[in-house]
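Note that chain A is present in both complexes that follow, paired respectively with chain B and with chain C.
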Partner chain A sequence: MIEFKLPSLGADMEEGTLLSWQVQPGDSVKRGQVVAVVDTSKAAVDVEIWHDGVVHELLVQPGDKVPVGAVLATLLAVGEEAPARRPEAAPAALAQAVNAAGAPPARATERVPESGIIAVAARPPVSPLARRRARELGVDPDHVHGTGAQGSVTLADIEASVRVASAPARVIAATATAAPVAVTAVATPDRQSAMRQAIAAAMSRSKREIPHYYLSELIPMARALDWLQQFNAGRPITERVLSAALLLKAVAIALQRVPELNGFYREGQFEPSAAVHAGVAISLRDGGLLAPALHDVATKPIEQLMRELADLVKRARVGSLRSSEMSDPTITITNLGEQSVMSVLGVIYPPQVALVGLGGIDQRPWVEDGKVCARPLLCATLAADHRASDGHRGALFLAELRDLLQQPQALAAADSKAIKPGDPT
Partner chain B sequence: MTTRHLTYREAMHEALREALQADPRVFLMGEDVGRYGGTYAVSKGLLDEFGPERIRDTPLSELGFVGAGIGAALGGMRPIVEVMTVNFSLLALDPIVNTAAMLHHMSGGQFSVPIVIRMATGAGRQVAAQHSNSFEGWYAHVPGLRVLAPATVADARGMLALALTDPDPVLIFEHVQLYNTEGEPSDEEASAIDIYSARVRRTGTDVSLITYGGCLPKALAAADELAAQGIAAEVIDLRVLRPLDDATVLASVRKCHRAVVIDEGWRSGSLAAELMARISEQSFFDLDAPLARVCSEEVPIPYAYHLEQAALPQVSKIVAAVKALL
Partner chain C sequence: MSTEREALMTTVVTLLSAIAPELEPQALEPARPLRGQLDLDSMDWLNFLLSLHQRFGVDIPEVDYARLVSLNDVVDYLQARA
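Then we have the complex of A and B:
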């Protein structure tokens, strides 16, 4: 039996509200498939599953708020038989069943208490009488609001839930489209204040815990812009590549050369990440901010990056991100170029260790061959965690970024292995 | 018996007098029961009526005179032994527990011990820790004893005669705060008296208040207060602390789905604990809230009035315990 638990969809997430299931018991699921939509305080997120299997039981109902790590559903592994008894049956019985099947005893004892403890901790208080009555009525008492002693679910709560449930059920039957509307309504009411609180918590933690250092570099952008103009010439608007995609790619490749900036600082040590999943800061129209991941930026061709970036921005704004996009970013890139600010000095999103800030690309004075002339320049900044890296390495990263942007064609085509450190292209 | 006004003290007195009149084998023995008329004036005038052979003042030796009572019972008499209070009965624990309660078993059924032992119990009279205990729960622990706790005038009037018909030892606990309570026991009530069942003293549907003895008036007062707030409490008077009448208790719990046990004993290892255990064992799936109890604070009962009152179960504590369950 595989337990599908609510993943953490960002460092600031402690709990989530299930909005809907995309699967039913008995459905086969594949690794990476979206199986549920969960509302974090920031967004409605499509949650993917990381096992192949068959959905056995859905343990959480739409509308329920559960902590990160709570078991949302159980899956049978491919070829696994459904257990004869419900999972809430005595752990001892489960252990025996596993033993009888010939599994090593150590594994059985390892697994069983864990699920047992979680089940007990997550179970809300339901009076014995209420539980008995709920069984008679076919109500799941764990999803009834309790008004009794110590917040427990009482007989009256069970019976009231049946009355409430039966009334709207008729309404929904009458209006076929009622169901999806009801689901999205769960998420919206105080989304903005919840998001504000989530941002406040993450940013306060960042400034409290992370010793930031800041570096900045002016980068000539004439070659990159020229190349983009040629590249886009003759392409329909929908297929044009914007400088944002090229900049993301440059950051990703530069990061592979200075890996101390890409990864997570957790439990007193830095864990570098081999892949670069760029968290792209996206401001929402109603206020607030998301930084979902664009995966494996360093290895993707520029056209693909552009498509994925456009898609990511669109989905972030309508609130349909995937769980891996919320939890995977290894660094954040914030681009305030559209507002034509000159530079942005960011606050790192923990447990990441760096944030790259990109200002507007504008015509500014530049000295070349002893003469002042106007050139399109970009001010790139780095805010980095001094626990994971030092200013010297940070400076190397910005220098790499600058050099990569002087060779846009190679950059655009490159996967991470194509441009080697010191490669003269 | 017709309907008439009586105090609990008068009811006990009448019961004693009736028993002495009814059976020449019956005699009363204890400290100050004769010339003084009983510490709580229950036996006043009986010495004059029945003489010193049947109303016997004893030395201050509970071990001695309880033992003598057991011997008399074995010899064919029907002794009523008054131990002034339960506090002093600890000196007679050995004859009560090891002899009276066990002799029938130890003799393979050859000997019975038809003794009735009366004791005052409980606190609330500012007589300090050593005179304020409620140890009836200890005796309710012992197989071989029947333990009665009359809480009403009618029970005080009617239980003694029935206790005397029991071939085995019977202990009667009279709470000191009850002697001045008044009642008008009806014929109907009198004819319904037994020494094996609990009684529903007030019917209700929201919570069972399970109590006995000196706490019964407090539970009834709490039920009044709760009724004024729209909460219908049912009050169960256990009456018999051993053997417990599970059926009446469980029927009430199965109706109300919530229960508070009120017991003047200390909570640890108490009769209240036993009742809660039985309810959990036999009616767990009827409960809609955790079980609760109101017991005495686990301290020697204080002498100072306000501290003594604070240490004991009170109406306000019962009301609070009920409201925490709703």
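Then we have the complex of A and C:
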């Protein structure tokens, strides 16, 4: 029997509210399949399962709030027989949810005042969470069909009652068609304040625990921009690449050469990651910030990175991210160049150990052959965790980044090994 | 303003509101840069140009990006090409 637990969807997440199941007992599931939608303080997240198997029992109901690590469902491995029915299974799971929620519910109440919902007993016809959500969405909860215990109206029922409106919006946004999009995506004042608190918690923890050091480097961008212009010139608009994709690739390859900046600091030690999953800081239009992962950046050709980046930004903004994207970035990259700031010194997102900040690419004075000339320059910065690396290694990373951006053609290809280390030509 | 131009402008504003849902059409100043008014980043802008491409069938080469700054610019460009 496999236990499917609520994964951590970021350092700032302690609990989640199950919005809906995408599977039923008896369904076969494949590794990577989205099986549930869980609401975190930041966004509704499609939660993937990491085993093949058959769904045995769903232990948590839509509307229930459970802590990270709680068993959401059990799964039979392929070929495994269903065990004899244990009638106490469900109550046990509920007890687990209550207990694991942490003895002092103060933590939870600090975020969401009405979080007594964890105790599922004697559920009212409309759960407080559902009632609150209904208020936010302008739905009358007394006219929504309840599917919860004893016919109670759950959060999922409320969400489902407005999904008719929001579902097409998701599809439209995801395919970037021309129709106007009424993005109903979860942008309520309540969500904003929860997100603000989640960011505050993670960033405060970062500043409390992580001894940051900061470095910066000016990078000439003329070659990269010229190459990109030529690259895009022959392409239809649907296949053009933004400099952001090239920069991501350069960061990922430079990280492979300075691996102590890429990974997690957990339980007193640094765990490097072989793959680079770049957390891309994406600002949401109504305020707030998400940094979901773009996976395996170092090994993908630039066209693919561009497609995936565009897709990630779109999905982040309509609130349709997957659990793996939320949980496994190995480093964060923030690009504030759009606002034409010169540089950004970031706050590391724990348990990561570094954050790369990219400023605007602007014409600035540059000295070449003893003469001052105007050149497009980018100020790249590194905020890194002194427990995992030293300034010398950090400096090496920025130097690598600078050199890599002088050979954009090699950089853009899938195979990064073709690039000679430290060779700026 | 000709009705044709007016209709074109309405369509463009509709496409923009897909990218910036909080957009208020009355508040939009047609002669001022769009990106600043609507806080569009380069990804938003590319998506906007993509939506123009899909709606009007125009391919907008990268060299033309610099000409497309305000709502008026975009409508002029589309009128010249449509």
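In this section, the second predicted complex is superposed on the first by the 316 of 425 C-alpha atoms of A that agree within 3 Å, B and C clash if a C-alpha of one lies under 4 Å from a C-alpha of the other, contacts with A are read in each partner's own complex, and residues count from 1 in each chain.
Assume contacts are C-beta pairs under 8 Å (C-beta built on N, C-alpha and C of every residue); 3 or more make two chains touch, one makes a residue touch a chain.
All of these numbers come straight from a predicted model, not from anything done at the bench.
Contacts of A:233 after superposition: chain C is touched, whereas chain B is not reached. Once the two complexes are laid over each other on the shared chain, residue contacts for A:242 go to chain C alone; chain B is not touched. Judged by the touch definition given at the top, the superposed model places A:285 against chain C, while chain B stays out of reach. In the superposition on chain A, A:267 contacts neither chain B nor chain C. Note on chain A: of its two partners chain C and chain B, the one contacting more of its residues is C. Looking at chain A, you'll find no residue that touches chain B in one structure and chain C in the other.
Partner chain A is touched in their complex by these residues of chain B: 257, 284-290, 324-326.
Every residue of chain A that touches chain B in the complex is listed here, in rising order: 127-132, 148-150, 152, 154-156. Of all residues in chain A, only 172-173, 176-183, 229, 232-233, 236-238, 240, 242-244, 285-286, 309-310, 313-314, 338 touch chain C in the complex they form. Chain C makes touch with chain A in their complex at residues 14-15, 17-18, 20-22, 39, 41-43, 46-47, 49-51, 53-55, 59-63.
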